[in-house]
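Submitted below is the structure of interest, expressed as structure tokens.
Order of writing sets the chain letters: A, B, C and D. Residues in each chain are counted from 1.
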């Protein structure tokens, strides 16, 4: 521990097990989502078509979790040290992600209603905020001049996500489709590869 | 194996796979908890409000598992060797943690009754006792002058947890809310970072 | 990162966590399949016999996932680097594999109907195509003269799988049993060990 | 790969990912078992008592999986190389273990009937046989003079398990309790730590 003087009581250590546990939780969240898929009620094309909205919502929820896994992977890869604060911020993120299946189940039954549509945004907003806290905690544990800190100097995407989700929550009461468009916008924005980590890991050299 | 003379037939080896398996089990326990969350029956705020106790109980159960994961992580991080006894003590802990979802489900349906409230305390008590056994088994496998033994010289929090859970079990028959307050007290106590491991890992230096 | 010039913004890094996450998702897909197995309705041999088709379908679906896990293991073992593209191709593969339980559940209820039988083929086809994309993305990330590229010079089995699944989808409308025979043929073909990786790993030498 | 001449096309490589996948599958099997636990129907002691057989069966099934995890851990720890054959033998073992939840569910509803009682023995027998195949495949991949081969020269416990399970299957038709006693006998026998690996890992020295 090279910089043990900084941070006082904050413990700092490798992130392997935190990554493994997060992987486990995210893998099972995807499972719960898949468990909630019901087979069509009968063998005809009409039966299959009746499950179409379910399948579409599954695709969106799967993508949502996949995006977080991807970003989490990139973030932790440039992280050299974690602390107790990082562990709790990570747990807080996993907590909000674990609510995705139940909000998704609610959406499936009532996607045209403002409250369920807004609830998805609330969970998305809370998850984005938890990710923001995680990034802050990691920067605090690694120092202002660390690889991870310079890589994320200004987390534009993270901040924009928070704004878009907040807008979605409010606008769900105007028209649910505006909310869904905003949520989809966040997903599309994150699907574009994150150049910051790409550049920083070129420096990383391992 | 530097100290193979000590401990006789007890096998001692690295803890990587034990940690991985425990992570897996704890991740799926959290999943089962999340699976038991039901979406609100309808799209109104009243429907959402009806699920409020469920959500609160989920938060508490999630925190309970998260605390054990955190402590387990800290404990195993300063552990150099494990033995067959450690593996069985760990299994015993996982067994009690795996009962959390079913007690939680019972609580949700009957949180105002003494027996379910006391049952949560019994499982909490047994898990705390299993953790106590795990700590003893780890100290036995690592020696009295090992890093882990000096770090936990007197496990004040562990012992207090056992006392508080036992009190909760008895007092659930007086008033269930006293029991819940005691259980919450244990959680809050553990949320405060554990300085022992912090200090020891400063010594650890890896 | 020895060849950072090639690939531009594409990040390249070790595959440990991608393998761990894929293992987690595949393990839970097998779980969902097992969860869908129902105990016989009564204690007699006739009750057990009534579950026979279920069990047979479980064996096939288990084998399907096991084959993908095996091939994924072999493929990633000779992979030195992954990129963002590899991560998304892998997610795409996991997405299709995660649909196996729901198609399997549909098959169990209506295995004699063309649409469910064809649907299994569609998911199998999509998974085979996703695997094809994954192999391409891995070769791109590792270079044309890398171990993995020379090992899979012509992915005969992968291409044949795609053809057989496509044929199965079409022929399910002639006779569902032709479709099942073709799907089983793909499985049998993959059960034969893949000599390419065997030979390449003899070169690998690690 | 030092001994590439032996074994021909058989690929040999490290067991890390095989262990990780097996851990994942066994963790989720335990989960399914826990998922099948139902909370008592009401808040009284009589309601809790009605779930007593369920809980007892859960304890036995948990112990069954825990024993396999433990033995698997010990076995793989002294294994230096795995092959394609080892991977398939391992999958075959995981397949039989994955049937434990459904047999357990059957037992819970009809534990006093010979066929369900015999079925548990059939699954136990098949799992023991799969473990036997796994041990053989590992010895073949590591050579007759390897650490693992000398450690298990004569697998007395494994062979006795097969005999006891086979006897249980037959005697379930005389009296189900004889069958349960034999199954419990196998579990108790395995709970006694395995000295062979203890001794060999003293040699292992890592």
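Details
Following the convention adopted for this analysis, a residue touches a chain if its C-beta (ideal position, glycine included) is under 8 Å from a C-beta of that chain, and two chains touch if they have at least 3 such contacts.
Predicted model only: the values in this text are computed from it and were never measured.
The copies subunit A and subunit B differ by a rotation of 90 degrees on their C-alpha atoms, rounded to the nearest 5. Residues touching across the subunit A-subunit C interface largely differ between the two copies, under half of the numbers being common to both.
Averaged C-alpha coordinates put the centre of subunit C at 26 Å from the centre of subunit D. Remark: subunit B and subunit C have CA centroids separated by 37 Å (rounded to whole angstrom).
In subunit A, the positions touching at least two other chains are 20, 24, 27-28, 31, 35.
On the subunit D side of its complex with subunit B, the touching residues are 19-20, 23-24, 26-28, 30-31, 34-35, 37-40, 42-45, 48, 59, 62, 66, 69-70, 73-74, 77, 193, 195, 197-198, 201-202, 204-206. Chain contact summary for the complex, subunit B toward subunit D: residues 1, 4, 9-11, 13, 17-18, 20-21, 24-25, 27-29, 31-32, 35, 84, 87-88, 91, 94-95, 98-99, 101-103, 105-106, 109-110, 113-116, 119.
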